Amino acid sequence: MSAHLLSLTIFLPLVGLVILLLGRGLSNDTARWIALSTALATFVVSMIVLGRFDSSLAAYQMVERASWIPSIGLQYLVGVDGISLWMVLLSTFLFPVAILASWKVDKDVRLYLGAMLALETAVLGTFLTLDLLLFFLFFEAILVPMYLLIGGWGGDRRIYAAVKFFLYTMAGSAFLLVATLFLAAQAGSSLGHVTFDIRDLQAVAHGLPVATTRWLFLAFFVAFAVKVPIFPLHTWLPDAHTEAPTAGSVLLAGILLKVGAYGLIRFNLALFPDAAKYFATFVSILAVIGIIYGAVVALIQTDLKRLVAYSSVSHLGFVVLGIFAFTEQALTGGVLQMVNHGLATGALFLLVGMMYERTHTRDLGKMGGLAGVMPWLMGAFLFAVFAAAGLPGLNSFVGEFLVIVGTFAVSPWFGSLAALAVILAAIYLLWSYQRMAQGPVREEHRYLPDVSLREVAVLVPVLSLLLVFGVYPKVLTDRIDPSAKAVVVHVDPQGQPTQVGLVQAQESPP
Amino acid sequence: MRTPIAYFLLLSGILFALGTMGVLIRKNALLIFMSVELQLNAVNLALVAFSRLHGNLNGQVLAFFSMVVAAAEVVVGLAIIVSVYRRSQSVNVDDARSLRW
Amino acid sequence: MPLDNLVFWVFAPVSVASAIAMLTRRNAVHAALFLIVNFFTIAVMYLLLDAPFLFAVQIIVYAGAIMVLFLFVIMLLGVDRNEARGERLFGMRTMAGILAAGFVLEMFFALRAGIGFATRAPAGFEKVNAPANTQALAKVLFTRYFFPFEVTSVLLIIAAIAAMVLANRKARAITQAELDAHENAQARSAAAPSEALAP
Amino acid sequence: MIDTPTLVFGPVLPELFLVAFAIVGLLYEAVAKRSDRLVHLLIAMSGLAMAAASSIILWNWSGDATVLGGTVNADRFAVVGRLLVIAIAAFGVLYGKHYLERSEPQPRGEFFPLVLFATSGMTLIVASADLIVTFLALEILSLSLYVLTGITGRRASNEAAVKYFLLGAASSAFFLYGVAMAYGATNTTYITAMARALSGTTGNQAIALLAMAFLVVGFAFKVSAVPFHMWTPDVYQGAPTPVTAYMSTSTKAAAFLALIRVFDVALQPLTWDWTPVIWVLAALSIVVGSVLAIAQTDVKRMLAYSSIAQAGFILTGLTSANSVGISAAMFYLVAYAAMTLGAFGVVMLVSARGEEQTSLSSYTGLFRRSPLLAGLMTVFLLSLAGIPPTAGFIAKVGVFSAASSAGYWPLVLIGTLASVAAAFFYLRVVVLMVMREPEGSHDEDPSLMPRVALVVLAGATILLGVLPGLITGLLRDASVLRW
Amino acid sequence: MVTSLAAELAPVGNGRALGVLPLLWLVPALPLAAATVNLFLGRRLGRFAGWLAVGAMTGSFAIAVLMVRQLASFGGDERLYVQHLFDWIQVGSFNVDASVRLDALSATMILVVTGIGLLIHIYSMGYMHGDPRYGRFFAYMNLFVFFMLMLVLGANFLILYLGWEGVGLCSYLLIGFWFEKTDNANAAKKAFVTTRIGDTAMLIGIAMIVMKFGTLNFEVVFGTANATLSKGAATTIALLLFAGAVGKSAQVPLHVWLPDAMAGPTPVSALIHAATMVTAGVYLVLRTHVLFEVSGAALVVVTVIGLITMLYAATCALGQDDLKRVLAYSTVSQLGYMFIAAGLRAYALALFMLVAHAFYKGLMFLAAGSVMHGMHEETDMKQMGGLLRRMPLTGATFLIGAISLAAVPPFTGFFAKDAILEVANHTGHQWVYVLGTVGAVISAAYMGRLVFLTLFGRPRTQAAEHAHESPPVMTVPLILLAVGAFALGFVVEQSPEGAFSRWVESALGAVPRGPLGLPTTVLIAIATVVAVGTLIATWVIYASGRVDWMALRVRLAPLQRLFEHGWYIDDYYATVLVAPGKAASGILAYRFDAGFIDGTVNAVGGSTRRLAAVGRKIQTGYVRTYALALFAGAVGILVYVGLRL
């Protein structure tokens, strides 16, 4: 049992899925409870993982290995480190929230919840696997349930959005697969056996010619850049976010985008450190463009979900910037920001969803004065808005600050430009809040109800984490840091400014 | 035998090519089918020529098999063509294009 | 010029010419007759290649049975009229000609490289054909090629079934319902789903 | 005097059973006044069962490697190939029984014997050790399929039959020419002897190359690789659905297995010459199949294009020209058989009677009308698209991996990118089924038996996606071709 | 690591009796606790919400007083206490801890914040009485106090920044407290965004500090600045930080938010936009003055910005008709004086000005609130007149505040302003002195105009006629503040080297002195004449009845409009920044993003589909075409074979 804790985490949701799919006669409510309790159980298991995690180690822990398809070298290999740990916890945390948030979905409930649970397994798999091909498998497996969620329960243009999401991601992952197989083939010739174990592949990739690693880097990069998304590969995101059902948007923003960033850390940096250094400036420029571009475009949006979607482009730019600064602080900040963005944007989408259930519109032009009608909901909204805007004391600030500081040590210009987004974020977020919550209230919205008890149950955990991680981020950083440091050292073993440190300060004044 | 074997083979090639041309340019299904027969005969010629070249009878046996096959094929083919003709009163293959695109 | 060479050079052009004539005759019966001529020339080639048994089979089976079957069907269906003159497919003949020329050219080069136009067959084929071509052939056929020979029986059964299943079917008019269904299907497929995903 | 070969019929028992039961079926059809489809089905099924059983026994064949004058192989490759073809045939007759009962006018009962005959050709072709047997078996299966294609006498069915026949006959001529050239190049028709001749000094390289070219044409036609694919959409669309289901899977399997045997054994010394050809054919097939399928509005036609693309993927695996690639291709064939049979099975049920509802619009809102069918179809389509956790994914990774190991990663890139286009049209059907509301009234065939078959196929599709190890061991054993 | 280093540097617990100092964390914690309770339970608590808030403030103030007494008991160099609360951010060797720091500067600030804050809270209980969101108001106010205390107590830049942003948040919440009115919401947003521009520059500055020092701890940074920073780096950092101050303290060019911020409830204006938050910029400069001094050039910039702002805002104040807007511009102007002082290295005087300003401007805002309260939220001075008689307490205290601001001796304002001018004069900054004096004239002028238009003369409207005095809960704080506004300067800072300057010398250094310029007595005389003379002149214009000020106003209309609209800087920004920004955003969003990028993506898909639509036509249905393809393929392979022969 304890030896297979990670496997249990990954596959526990499937138990719920099977029950849901087989249980023809289940009432909708029973189905919901089954799904929720499955997701909660998964969360509990992942908390046990957290409890057993040894934060002093940088290496993978709780590794499980089993041969799966020897003919193509695929093995079942999972393990957790400080980076994936938080991705997993973020996922297991957000899934119950998302399920609870979609309590009111009435159409094909079993299928809907089944898709969610399948998605959970796929997502957890991507975060925990140490086998590149297995990663690809889970990576692709994410597509179907998400596609169903968007296309089956989304808005008016849901099919367009779903197909776009699917094809966009798949097109990106095409390169990933090619590069993966190429690398495995190289392993076959240099190690004597085809393997996808990323720890072995590191050595293999190290022996490749420089030009080859650069091409491989780009192939991996494209796949993950679509997922993150990095400008200019982001245009699927606004559509997908806008059309997805609430829970879909939450999961998409909260977790799926992180898969891309996670992939960048886990594979691009780990496998091709030299190529990563070579492309760092290029990627950083894209990231900075994305940060500012996403924010500027968000300014003019009138659809609330679209606005949040573009803000995601901006925020994820921070993550990428942090990843490619190659300093311990920036990378830790990047990972932290992944968690933070998941929570903050997740919260925003939850709130937008709740509001949509009441007003039946997401058009900012058709709202106003809602703060007077439903003060708690709007208060929560404002809280999330400020979290997203990077207010110190709330979670996003710490991540952003670490990224800026870490990047600054390498390139003051990138750091400064990234910081500018903070202004823009304030503008578009407050502008949207104003149009929604302030000013005179519209007649048809005058008697809308405030949050229900269920919604409180949805919001309180998320919002309180926004605060907790803002005030005491050490819970996260203590565990991220060793792994992040290992990655940075791997990329830049004798690099100069990998460390924002106390070099000068140690000369204490007289 | 003084004639170089390659001549027979080339003749076989020419006949095969002509047969293939027939498949392309004839519109009558029966004639297309006849062109196929020409192709098969060209092959047979090649087989027999190789048989002679190698100095064994295998090629001749193969040609014999080929003839059997051709006979069976003719039966099936003609049956199909007749069946089509009964249906559409035409053996022009250009008329048979309800399945397309 | 040795006799076999002479025979070859007489019959080879006839063979090619008859094949070309078969391709160009618009009347199906004429074309079939030219094909029979062609089969005869090929039979002669078999003779040149020391395959008298196949020479006979060629004339009996091909020229005799198969082509008669063809002619029979042509008559039966009453399609001995001239083939339609119009060509709906643009450039078909040209392309067919070019491809055929290319084909022959490639064959030429390959044969030149592989066998060479000087290579003559080894003498002593009489030994192979001893005591006679037919006996020798039978010996090979029923020993080495015993199994394939048995397999051909299956082919013949299938041919028989084919004739039964396909040709023995009562001709029937196309029902109006079938026409409707067809048209509906066309209309549906033209209308719907490709636009279904347009943004 | 005459040294007669020792007759060991053990390794051809499956064929004998198939032919025998086919003849039993024919006799039944001839004798019975009104033949009962169920009896036909039982006869065919027992034939298939016997054939399968005798194949399985051959797994541990300890006699000579080749029998009957060296014309038939008794290796494990043949066993696996036969079993695959026989299994496909079982689904074919099952579909056929159902289809025959519900279509109007009722086609003749010869359907069942013909399927058995075709199957016997296919089993023989995978076991063949002699090119002439390969040719004869090819003709057996082709002739049977021509007849099967035209068996309903519907206009489309007839048209498909005549197109298939004319092109098929022409391609057979090419194939036979290839056999002749191979014989000319090596002075033998034994597959293994050819390899020896070509790797030694007795073979004629130039003529062998010609042989390779013609054989490629013949096989590429059968597996519907571009540009020899053009019959495929028309024939798949025009043929009765069970026949399409049967032939799209079994022919492909048989032809691919024969191709493997011929190219990876007989022409193995020419590997460096034929792999580029296969490469190009694979690339063309993948791209053309995937792209053209997008514009299709008829499900059968779309699946036909899909099968062209799938052929390209299988060819991709063969570019590696080693046992890894062979076993990957074999796995792909198994997966392809399961998912394509399944997809056509759904098509048959949605069409209800005959071929009435094969346009994509008939699938609109299928999920509301019949969640089971829609769900099954989704599984099959996703597998065809290569999405985990289905067999299609593992299969694709396998062939790509093989090609990549051989250094053909540009082909893999083409393949993966084309998969995206392919995913589009598979998804489109899923969209229609799951995400749209039904329009008008369509009635699916409510029968149970085909549904059970479909569930089995879907189960196999997923099972092979999750636990491919169930058969990869077998395939690895089978993929070692000795010469 | 930094923690320990800071512990070594800071004379914490070096055998001293810390007394009550370890309770320092309670000073911010109390308001925070009260804010939390009020935020969630405010509606249930009803009127008790106000009492809770005031109680928390009282406690906080009391503790602050105890703290300061304890601190004052130490010797000059030992007046420092750092309390480590917990590690906030720790990555690798980079560490930011949550710790608070008490020295003379922060001690002064917490006294102002809690003390004036307490009075304003009390006042608010009356002013906000009956508001439906009464509890929430106090929650926000307490939250503000918490953040303000964090700002001034923070022992490193990041805690300071936390408070800095936090007060911005509360400012946003409180300006937009009555969010139903679009104007208020706009003003709130504008305030937050405008200040955020400066904040971001400050954040960049902080990042740069991290880069240079590896830590954000004040002790380390200031202790090693001389050795670590080049002049250029110091200037960059100092100016980036100063940009933050410019935003927060509403200096030119980021001043535009403050006049609009008057949309908030008046106690908010008093507390946030007069007494405390807007002075955070000044506090920042004082706190980081070491960096400014290393740079030198940065100090000049501070002075110049201060001067420009002071003069500019004073003219604007002269043109306003809205009571609160006059006070707002006046605040901006007065903050300019503080920056001038800081720029002249007279940090103690800047701080004293800050304290003094907190008293008299807080007083005036509260009094203005009282006036509005009595006149049904009327703020247009043209509608007032003669209120001194109708609202004697309010009027009198208002008058005291105005006179103090106009720098008439011996009011507090006089000592504050005069000391600055004196330093300018004596240290050779004659231009500063002259312009400062001009500013003083204008200041006195707008104060005079304000006072005489509202308090004196005859009531010009019915509302003014029937204005009534406010309840004691509002007037008592007025009186207490008036005492301060009147007497504080006289008591603690009669000259640049007064008791106050000595008290803060440990934190801010001594006030510079110079041998140049005029004698002190002459300067005092000039200042007195200027202030009194200007007041008399305004009396003549506005209250004596001898001048038709309305006619005068019409004659000077262009000038008046220019002043009233703040020299049209808002409109300038709207044209030059906002409109192009919106346009750019629109172009990016619709033309570039949806049009070009997404268009490209869709074009790829679309062209594939078109390719498919065209490609399917190859499948003509003619079997001969198919044969052609077959034959062509065969020949193609043959050609390939031919090439390999």
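Each chain carries a letter (A, B, C, D and E) given by its place in the written order, and its residues are counted from 1.
FYI, a residue touches a chain if its C-beta (ideal position, glycine included) is under 8 Å from a C-beta of that chain, and two chains touch if they have at least 3 such contacts.
Quick caveat, the model's predicted, so the values are computed rather than measured.
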Practice problem: Indicate the lowest number of steps between chain B and chain C, counting one step per move to a touching chain. | Solution: 1
Quiz item: What chains do chain B and chain E have as common neighbours?
Solution: C, D
Quiz item: Is the number of contacting C-beta pairs greater for D-E or for C-D?
Solution: C-D
Exercise. Let me have the rounded angstrom distance from the C-alpha centre of chain A over to the C-alpha centre of chain C, please.
Key: 66
Exercise. State, to the nearest whole Å, the distance from the C-alpha centre of chain A to the C-alpha centre of chain E.
Key: 37
Practice problem: Mind checking the centre-to-centre distance between chain B and chain D? Centres are C-alpha means, answer in whole Å. | Solution: 25
Quiz item: Between chain C and chain E, what's the gap in Å when you average each chain's C-alpha atoms?
Solution: 97
Quiz item: What are the residues of chain C that contact at least two other chains?
Solution: 88-89, 92, 95-96, 99, 103, 107, 110-111, 113, 115, 144-145, 148, 152, 155, 158-159, 162, 165-166, 169, 174, 182, 194, 196-197, 199
Practice problem: Find every residue in chain B that makes contact with two or more other chains and list them. | Solution: 9, 16, 19-20, 23-25, 27, 32-33, 49, 53, 56, 58, 61, 65, 69, 72-73, 76, 79-81, 83, 87, 93-94, 96-101
Practice problem: Could you check chain E for residues that touch two or more other chains and list them? | Solution: 605, 609, 613, 616, 619-625, 627-628, 631-632, 634, 638, 641, 645
Quiz item: Given the complex with chain E, which residues does chain B contribute to the contact?
Solution: 20, 23-25, 27, 32, 93-94, 96-101
Quiz item: For chain D, which residues count as touching chain A in their complex?
Solution: 324, 327-328, 331, 382, 386-389, 393-394, 397-398, 400-401, 404-405, 407, 409, 412-413, 416-417, 419-420, 423-424, 427-428, 431, 434-436, 468-469, 472, 475-476
Quiz prompt | In the complex, chain E residues that touch chain D | solution = 605, 608-609, 611-613, 615-616, 618-619, 621, 623, 625-627, 629-630, 632-634, 636-638, 640-641, 644-645
Exercise. Over in the complex, which chain A residues touch chain D? Could you list them?
Key: 68-74, 133, 136-138, 140-141, 143-144, 147-148, 151-152, 158-159, 162-163, 166-167, 170-171, 173-175, 177-178, 181-182, 184-185, 188, 194
Quiz item: Which bits of chain D are touching chain C when the two form their complex?
Solution: 2-5, 7, 12, 19, 23, 26, 68-69, 71-72, 105, 108, 110, 113-114, 117, 120-121, 124, 130, 132-133, 136-137, 139-140, 143-144, 146-147, 150-151, 153-156, 161, 185, 204-207, 209-210, 295, 297-298, 356, 358-362, 364, 428, 431-432, 436
